[in-house]
Structures are given as C-alpha cells and as structure tokens.
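Paired with chain B in one complex and with chain C in the other, chain A is shared by the two complexes that follow.
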Partner chain A sequence: MKVSPGALALKYVFVLLAAAVVLYPLLWMVTMAFKPYPEWTTVSGLTWFPKNPTLQNFEFIFYGEAEGLVVSLDRTIVGPLISSLVTSICGTLLAVVSGTLASYAVVRFGLAQSLPLSVLQLRLFPPLAVMIPVMVMWAFIGAVDTWWGLSLIYGIVTLPFAFWLMKTFFEEVPVEIEDAARVSGCSYWRVFYRITLPIVKPGLATCALFVFILNWSDYLLALLLTQKDWVTLPVYMATLTSAMGGQMYGMKAALGVIAAIPPVVFGLMIQKHLVRGLTFGALKQ
Partner chain B sequence: MTDIPTPASQTTQSEKRKGYWATVARDGQKMGFWFILPTMLLLLFIVVFPLLMQLYLSVTWWTPLEGIPWYRAWEVFSWGENYWFLLTDPRLWGALWRTVVIMGIAVPIQFFLGMALAYLFVDKFPGRKIFYSIMLTPMMVVPAVVGLMFFLLFQGTGPVNDHLGLPADFSWLTDVNRAMISVIIADIWQWTPLMFLILLAGMLGVPSDQLLAARLLGGSNWQNFLKIVLPRMKTVIIIALVLRAVECFKIFDLIFIMTKGGPGVQTETISLFLYKQTFGELEWAYVAAIGLTILFVLSVIAAKGLSYMAKKNG
Partner chain C sequence: MSSIQINNVTKRFGDFTAVEDMCLDIEEGEFVALLGPSGCGKTTTMNMIAGLEDVTEGSILFDGQDLSGTKIQDRNIGFVFQNYAIFTHLSVYKNLSYGLEVKKVDKAEIDRRVKAMADRMSISHRLDQPASSLSVNEMQKLAIGRSAIVEPRIFLLDEPLSNLDAGFRAYMRAELKVLQHEFGQTMIYVTHDQIEAMSLADKIAIIDQGKLMQYGSPLEIYNNPANRFVANFVGSPRMNLIDGELREERGTLRLMVHGGAEIPLSGQVRSEFSSDTKVHSGSFGIRPQDIYFGARRAEDDIEMHGTVEVLERVGPKRLVYLQVLETMFLAIDDQDQLNVGDEVPFYMPPAKSLAFDLASGRRLGG
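The block that comes next holds the complex of A and B.
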C-alpha cells in the first residue's frame, strides 16, 4: 500500500522519539564509563560526551587502582568475571542438554505428557518464595559459594526455557525423515544423533545463546547462594556500590557496560527467535 | 509419535519381521526413558524434596541462628503460628499492595506503548531493521545493570534533574512518592520492548489479504485495527499480558539496586520483603510459611486461569 509522505514523516517522528527514549539511559551509562572523576556530577556541569575521555575507570576495576585516585580496590573485576562466565556456561550446558533430551522424548515417544506443564510451573513463582529450602539444601551439601552449586541452580531455573524452546524445534522436524532412517536400519540413538540433531543444530545454538543470556542476567540467585569466592558480575557491581559510598559513578558505569555487552550482542544475534524463546514457544515469528 | 513406523508392506510379513519392529519400538521407549531421566531427577531434586522441607520448616520457629540443624527443627515446633502471623502482618500486606500497584501501573502502560510501537513497525519503512534492533535492546540488558543505569540517571546531581532544569536537591530515589515513580519508569523502559516484540509478532500474523479487503471496502485505519487486527490478536495479547504480569510480580533486581526498597518501605515489594525477612531478620521459618502460601495461591490462580482458557477455546 502507498503511504503518503506526510504519514511517513509522522511515523519517523514517533520512531525517532522512541529510539531517543531507549538510548538516553544507555548512552548516559556508556559515556559515563569514559568520564574522569570531575565530570560525574553537575558540580562542573554535565555534558553528554566526556570532555577529557579516559580509560581510568576500566583501569581501576581491572587493576584495583588507577593513577590520580587515592582509593584502591581490594577486589578486582577479574574474579567475578570468571565466575559469571563459568557458572553461566555450566548452567547453560546443564539446562540445554537435559532440556533437549527430555523434549525429544516428549515429542517423539510421547512419554511423560505432563512434563511440559510441570516444568513450566518452575517459572511461575517468585524465586524468593521457594529459596529457603534451596539455601538450606545447598548449605547441607556444601554447594554454597561454589561454581557447581551456582551452575546447578542456574541449570534448573533455565531448564523450562531450554525444554520448551527445543520442543518447538523438534516439532518442526518431519517425522518421515526419521522413519526413513529407521527403516534403513538405524537405531533410535543413531537417528537422534546423526539425523535429528544436525537438523535442529541452528535451533540448538539459538537455545544455548538464549539460556546463556538468562543465566548471565541473574542477580538474585547469585546474591543468595554466593558469598565471596564465586560472586558474579551483577553482585560484584552492587557490592562496589555500597563499599564506595555510592560515589564511584564512573567505575560502576564501566562495570555495567562490561556486564551488559554479552547479552545484548547475543540477543541481537538471535533476534528472530526471541519471541519463540520468551513465550515458551507459544508464538513464532 | 507413539506409533511404530510400520510401512504397509511390513504388516503383512512374517512374525519374525513383526518381532523386529516391536524390538525397535521397545528400544525407542527405553531410550526415551534415559532421555527424560536427567530432567526428572532435576525436578525431583528441586520440587519434591524442597517442598516437603519448606512445609516442615514453616510450622516451626527455626532460624539459622537457632544452633540446631534444620532436620531437628521439630524441637521448636510452632504449630500454625507463622501462618496466623502472616495474616495480620501489616508489612507483608503493604508489600503485596505495592507489588500490585507496580503491576497495575507498569503492565498496562507497557501494553499500550508496546501496541503503539508494534503498529509503527508493522509496515515496512526505510531503516526499520535498525530501529527494530534499537527498540529491542533494553530487554537484553541485565536487569541489575538497568537498575544501575536508572540509579545514575535519577541522582540529584544526575542528568534527569539537569536536563529538566530541576535543582540538585530535587530527589527521586529518596523521595516518598517519586521513588515509586522512578522504579516504575525503569520497569517500563526495560520491558516495553518485550510487549512490543510479542505484539508485533501477533500483528504480523494477521492475514494481510483480510486487511486489504477491509481497506478496499472503505474501512478506516482505526476501524480496521479494532474490527480486524485486535480480534485476531486476542491470544497473543493474553500471552503478553500474562507473561508480563507474572514477571512483574517477581520484580526484585531493579528495585534492590535502585532503592533497596526505600525510603523506609516505600518501594518494598513482595520479593524485597522476603529478602529482608531472610537476611535482615533471619526469620526463615516465617519466610517459608509466606512462600508456601504464595505458592498455593498462585497455583490456584494458574489452575483456574488454565481451565478458563480451555473452556473458552474448546
């Protein structure tokens, strides 16, 4: 349909306005990360772009100290960064592997028909309402503040997403292909491993990235189940806030930028499947 | 696919052949069992056992400071006192009320903004792809980082006051009323894109030939939207609203980073209340009782909702 130039111009006005609202907080944090101390507050006048751009903030959170700053950190970003990576990756592996296997069995063999709904229920409740026994259990088996303890809970809470996402991908694989392979004498395992899995490979990658974003974004579980050694990035960011008396805007912004980059990049990579993932496969794009 | 793949020619063949397909099917079932096992074990581990433990702890006075391990919590048995107490705890009901207020304001606004954005993006225009990506960014940013971003924005000496021409002592996050507004703004900023994404997917699913026909018959854009687009988007709208409402009920990261529930308890939601009871007051048995109650109520609501939906559709 033809759109009149006036309507198109109006559309651009609204779209640009929306984009400005979206970018305003983001841009502020990003530029803040490159601003030296005097430019953080209104005292010397706020500007969008740093007058004297500096990498001091990043230097400070990586080395614990920076030139011209009297304070120093007893704990740098390196530990939390490694912790975030390790626990997110292990949690993702656990969720994707068990979710993939279970959804295949549900889709192809019609086993455990009640499983999809009971898995979904895991996402319904506020985590804090069910965390008391989990914390007691984790303390009991010595999983508090360990990489595997955090990975385990990550794997469990993101399992529903992995399960439902893979379920929709498996449902799209024509059963005839598998039957053909089976008739030619392939065992069930071989059919799954050699035929079905390669077909859903793109879906599997999407699923893994999606679950990784969810794990990386967690704040609450790490807050409850780690204390010191395996604190993740968001928790570290918050402790930095309180330890510094809330005045280290530049460092916090630098941390925020580092924590925000992976999920945004991965999220844009899997844009096409976001609807499917976020609605547990109820909608496709 | 529960059926054994049995091509027509196979069925008429010898017993031996039938036996072969039966074996294959049994192998499939066997493998399916092993496939499901990890998920079942994880569910068992995280649902059955913790639920029993929560029920047990919730009828005691046990706290981690008690000096006795959790399995001996019966020594401080409390009968139903925790449940009785939660009915009359003004702080709990206040937190619940504030959670509902945030949901009641943020979710509808997100819905209308998301719908408007989806309408803007439903037709192609130059630059649509880039703007689409920009629009989706907020929901991919780590919620804790969004909290930090708005914490920076709403500082007295921050850019919001500066750009609006307000003095530096015009506080947002420490003001009784504006703290709540700030939190709601942050939530709207982050989650409108989710609404937009889902609603756009639904809008694109409306058959274009129907729209074209309506246009040819002289329907105005607004009429077409109300009479053709909206009815066909009903399921999508319900999904989007339910999803957002459920997530909004759990809201924690944003508020915890921005205001820690303050000033006082002005922005304390259910999750923040539970967190403070867990770590501030160390009332673990009480938290267990509240948690179980929430679990029960939400399950009942979910079951009712599901059966209502099933009735409507079938």
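The block that comes next holds the complex of A and C.
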C-alpha cells in the first residue's frame, strides 16, 4: 500500500507527540539527577541540561552524605534497594507460578469454573479497602516488616492479573498439541512443562514483566506493611522529602533513575519475546 | 499390530450424545475408514480409541484386552490429528524424535530412525529447521512421520488429507496406501470424503449423528446400502432418491411423488416395497448410471417420461437432469444421444432399484 506524504507526516507528528509526552518527565528526571543543588530550582534559571554535571546526588543517596552538602542521611538507598528487589521478585514468582498453574488447571481440566470470576472480583476493589484487616492479620502472624510478609501480599494482589493473562494464553494453545504429546507417551506433567510451557513462554515472560512492574512500583502496601528493615524504594523516596534540606529534587531524581533500571533491564532481557508475541503456527484450519 | 473391538460404546458430553451405541470390529492389519458428515462424532470416536476421551458406556478392546485402566502414554498409539498438532516450538528433527525420546530409546538408535523416517517422508532437507517454517504439505508428512516412527500398535488418522491441495492430496492418498502395506499396521482413518474412503479402506464405517449407519467393504456399501442415509451419502454422482406415498391402484403399486409424478413399481423393487405392509410412504433409489435411454431392455423395467433440462459434461459422459413434473432425475448419457429440451422415455431396472421406508430410512426387503 502506498502512503501519501501527507498521511506519513501526520503519522510522524502523532508518534513524536506521543513520544514527547512519555519521554518529557523521563528526560527531566535523568537530567535532574546530574544537577548540583543550585541548579534544582529556578533561582539560577532552569535549564534542560546540567551546567555543571555532577554525581553528587548518587553519592549522597549511596553514602548518606556528599562533598559540599551540609545535610546527611541516616539511611542509604542500599537497604531499600535490596528490599525492593527481594520482595518484588518473590512476589512476582509467587503470582506467576501460582497464576500459571491455576489458570492451566481451569483452562485444560475444566476445574473450578467459578474461579476466574471470583479472582476477577478480588481485583475489582482497591487493595486499600482490605488493608486494615490485612494489617491486623499480618501483625498477627508476625509478617509486618519482613521480606516474606511483603512478598506474600505482592503475590496475592497481583495473582488475579497473572491468572487472567496466563488464562488467555493457555486458551490459545490447541488441545491437540497436548494430546499429540500424550499419545507419544508423555505424562500430564511432562506435557505441561515440555510442550505447553515452552509454547506460552512469550506470554509467560510478558506476564512476569508486568507483574514485576506492578510490584516494583507499589507504594501503598509497602508503606503500610513495613516500618524500618524492609522499607522499599518508593517508600524510601518519600522520606527524602522531609529532611531538613527541604525538597531534595536531585536525590529523588537520582533515586528514580536507579529505580528505573531493573524494569528496563528485565524488559530488554525478554524483548525478543515481547516483540515476537504469541505465534501459534501449528494449526492449519 | 492389534485388533480392536468397539462394543456398544456411547459417549456423552453432558446432555449431548456425540456417539451412540457404536459397535465396530476391526481385524488386525485392517484399514478402516470412518466416514460421515461434519460433526457426526468421528473425532470423538478416535479420541476414545486413543484414550484421550473416556468412554461413557461400553468398552473398547485391543486384542481382546480392555485398556481403559491403562494410561494413555503406555498404549502405544499413533495419532495424526486433524490439524496436525505439530510442535511448532521445536525443530523438525525434535518433532520426529519426540516420541522416541520420551520412551528413552538409545540416542544413536533415535538418530538412525529419525533420519530413516525423514528420508521415507522426504523431509530430510528440513530436519534442522523449525517445524513452524514448514509448508502445509510438509507438516502433513511430518505429522504422519512423527506418529509412525514409534511403531505404534494401531495408527489413527483424523482427516489427514483434508487441508491439502488437490494434487498433493491424490499423491498422499496413494502414499498412505503404500505406507499401510509397509507398516502392516491396523489403521483407522477418518474422512468425510467418500472417494478417499472408497479408494483406501478395506472396510468403511458410515456414521451419522453419532450412530453407526453401516459397516462393510466399500463395494458392499456401494451396492447394498443398509439405509437411505448411506445410499444418499455414498456414490458420485449421488443416487436418485425419490420420496413419495405408496398407493395400490388397479393391481399396480405406485409411488406418488409430491408434485404429481408417479413411479409405477414392478418386479423386485415392488415386492420390496410391499414386504412391509405398515409402510405407507417410501423412498425410491436408483443410481444415475443405472437409468438408461433408448430401447427397453427387459420386460419389467420401469418406464417414465421426462424432459431434458440440463446436460453437464463430465469427461466422456454427460450428466442428464431429467424433469418429470416437479421431480428431478439424474441420469447418465454416455452416447451423446440427448439434447436439451428433448422429451424422452427412460427406463429403470427394478433389480437395480432400492426401496426405503421414508420414515425410518430403513432399507426394505433386500
């Protein structure tokens, strides 16, 4: 199909517009992270790029103090970073593994036909609505401010999402492929992990990425269920506000840059699958 | 190699009966075709034989032995699926070796057998490529090769040719026959194409709406259909089946067709129609090639008059559409003796005509 120059131009205008909207805050964050304190505010006139680029902000959040800064931190980023990584990864594993197994059972064996809807209902109200009872429960079992307590709630909250996403992927796997494997002599388990899982691998990767991002960017659950030891990055970021130096824009931006790295790396790792998507060529109808 | 007995098998999905009281006896080494229209329960029957679906009632015996307690992976069955079900995430080689690997066959032996099978199915040059890159024709060969390589005791093929282009289809049909001789295996073959069934199978089971209509050799089914459904389904061009009311008038039994046409019954077909006095409406069947024109050949041949509506050339012959009032007869003109618009007499030998009860479809007399 031949596209007229006008249409092409229009297309680019829209693409650029969308990109600008998405990238503008990102760019702002990245440049801010490298600006020294005087350049944070309008006093010296705001610029797009730092006039005197510095790693001061990073130094500060990693070491708690930095040359030329009077303020200091009683907590560095290291603890929250580890906390975020551990709880997000564990929560993701929990949600993806149990969501995958559950949705496979529902799709392939017709078990618990009412489960999909009830799981969805779980997702219909905001987690905040049940947070008070959850806090009581977590306190009761000693899960508050532990890595497993937070991982558990992450897994639970994102499970419906993982379940529904994996369900749609499994529904697209033709049952005959599994039957063919079973006739060849595979047990149910073997069919599942040698045939079905590899086929839905792109879906699995996509699902894991989305769930990871949901967990990684959570603020509310971590705020309510952690106190000190297992504070996560978003909660930690909020604490940077109230230090005596006022708003620490540069440090927050530096923190943001660091916080953006794991999802980006994860995304790049599975990019091949994301781009390819699900292509089932086995069926010739 | 195994014989298979299907004894009074019924399969229900909830309230829906997909297969009803099916009985089939398949001998060792026999090639049986399951033939029927779409949705009649062919795949369901195959799935039950393979053990992919449980039997609701009845039993399936292999060499006289009930395998319902045996796990499907221990049954050693070759199954070629309707949509091939190729493992597209694996290479062609891995597809072929899959069944052997599962059975923990020795590596060198696997390699030898995979190469031999790839050679046999002429897909050797594709071995290292992903199976998803194959053409439909090659997928088909791969699907057959993958099932045959484990040397199964029975071989089930579910419409293996229905997605192929015409040329390759004819080739594969011949190829399958050769394969069956090579393997010597019991084969069950599902198709809705009667020509395929006729040309390949030792025996044909005709199924309609989950019920077995007839089971016999291709010739038996063609010459001696057990009911109206089989008569209608088998044969190309299709058999003439004329429905009407039976009426006895002045000593002759006639079939009064809606629209006014009348078929005066005589000879054998007449006695067949009158063999059951409870039957009041019947169906008269005759194959197009049994209708003839020109001079009467036998005393009791049924004579009728019709107008030639359409002539359709099929190779050296022509199909003739004869209009008798509102009824259409299909005949064959092999001497190019007719013209459109001709009003001609035609004859139907009673010995070649079939009588059916219209209500039940049952064959009368015969």
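In this section, the second predicted complex is superposed on the first by the 234 of 285 C-alpha atoms of A that agree within 3 Å, B and C clash if a C-alpha of one lies under 4 Å from a C-alpha of the other, contacts with A are read in each partner's own complex, and residues count from 1 in each chain.
Operating definition for what follows: a residue touches a chain if its C-beta (ideal position, glycine included) is under 8 Å from a C-beta of that chain, and two chains touch if they have at least 3 such contacts.
On a predicted model such as this, the values are computed, not experimentally measured, just so you know.
Participant: In the superposed arrangement, which partner chain does A:134 touch: chain B (first), chain C (second), both, or neither?
Facilitator: First partner only, chain B.
Participant: For A:198, using the defined touch cut-off, is the partner it touches chain B, chain C, both, or neither? Pick first, second, both or neither.
Facilitator: second
Participant: Given the touch rule stated above, what does A:182 touch, chain B (first), chain C (second), both, or neither?
Facilitator: A:182: touches chain B and chain C.
Participant: With both complexes superposed on chain A, which partner does A:89 reach: first (chain B), second (chain C), both or neither?
Facilitator: In the superposed model, A:89 contacts neither chain B nor chain C.
Participant: Which of the two, chain B or chain C, is in touch with more residues of chain A?
Facilitator: B
Participant: Of the two partner chains, chain B (first) and chain C (second), which one does A:144 touch, if any: first, second, both, or neither?
Facilitator: A:144 sits against neither chain B nor chain C.
Participant: Taking the stated contact definition, name every residue in chain A that is touched by chain B in one complex and by chain C in the other, in rising order.
Facilitator: 179, 182-183, 187, 279, 282-285
Participant: Which of the residues in chain C end up touching chain A in this complex?
Facilitator: 47, 50, 52, 71-79, 81-89, 98-99, 102-103, 131-132, 136, 139, 146-147, 150, 163
Participant: Applying the document's contact rule, which stretches of chain A touch chain C when the two form their complex?
Facilitator: 174, 176-177, 179-187, 190, 195, 198-199, 201, 279-285
Participant: Where on chain B does chain A make contact in their complex?
Facilitator: 1-2, 5, 7, 24, 27-29, 31-36, 38-40, 42-43, 45-47, 49-51, 53-54, 57, 70, 116-117, 120-121, 123, 125, 127, 131-146, 148-150, 152-153, 155, 157-159, 161-162, 168, 189, 193-194, 197-198, 201-202, 204, 212, 215, 236, 239, 243, 246, 249-250, 252-253, 256-257, 270-271, 274-275, 278, 284, 287-288, 290-292, 294-295, 298-299, 302
Participant: Can you list the chain A residues touching chain B in their complex?
Facilitator: 1, 3, 8, 11-12, 14-15, 18-19, 21-26, 28-29, 32, 40-43, 46, 97-99, 101-102, 104-112, 115, 118-119, 121-137, 140, 155-156, 159, 163, 175, 179, 182-183, 187-189, 192, 213, 216-217, 219-220, 224, 233-234, 237-238, 241, 249, 252-253, 255-256, 259-260, 263-264, 266-268, 271, 274-275, 278-279, 282-285
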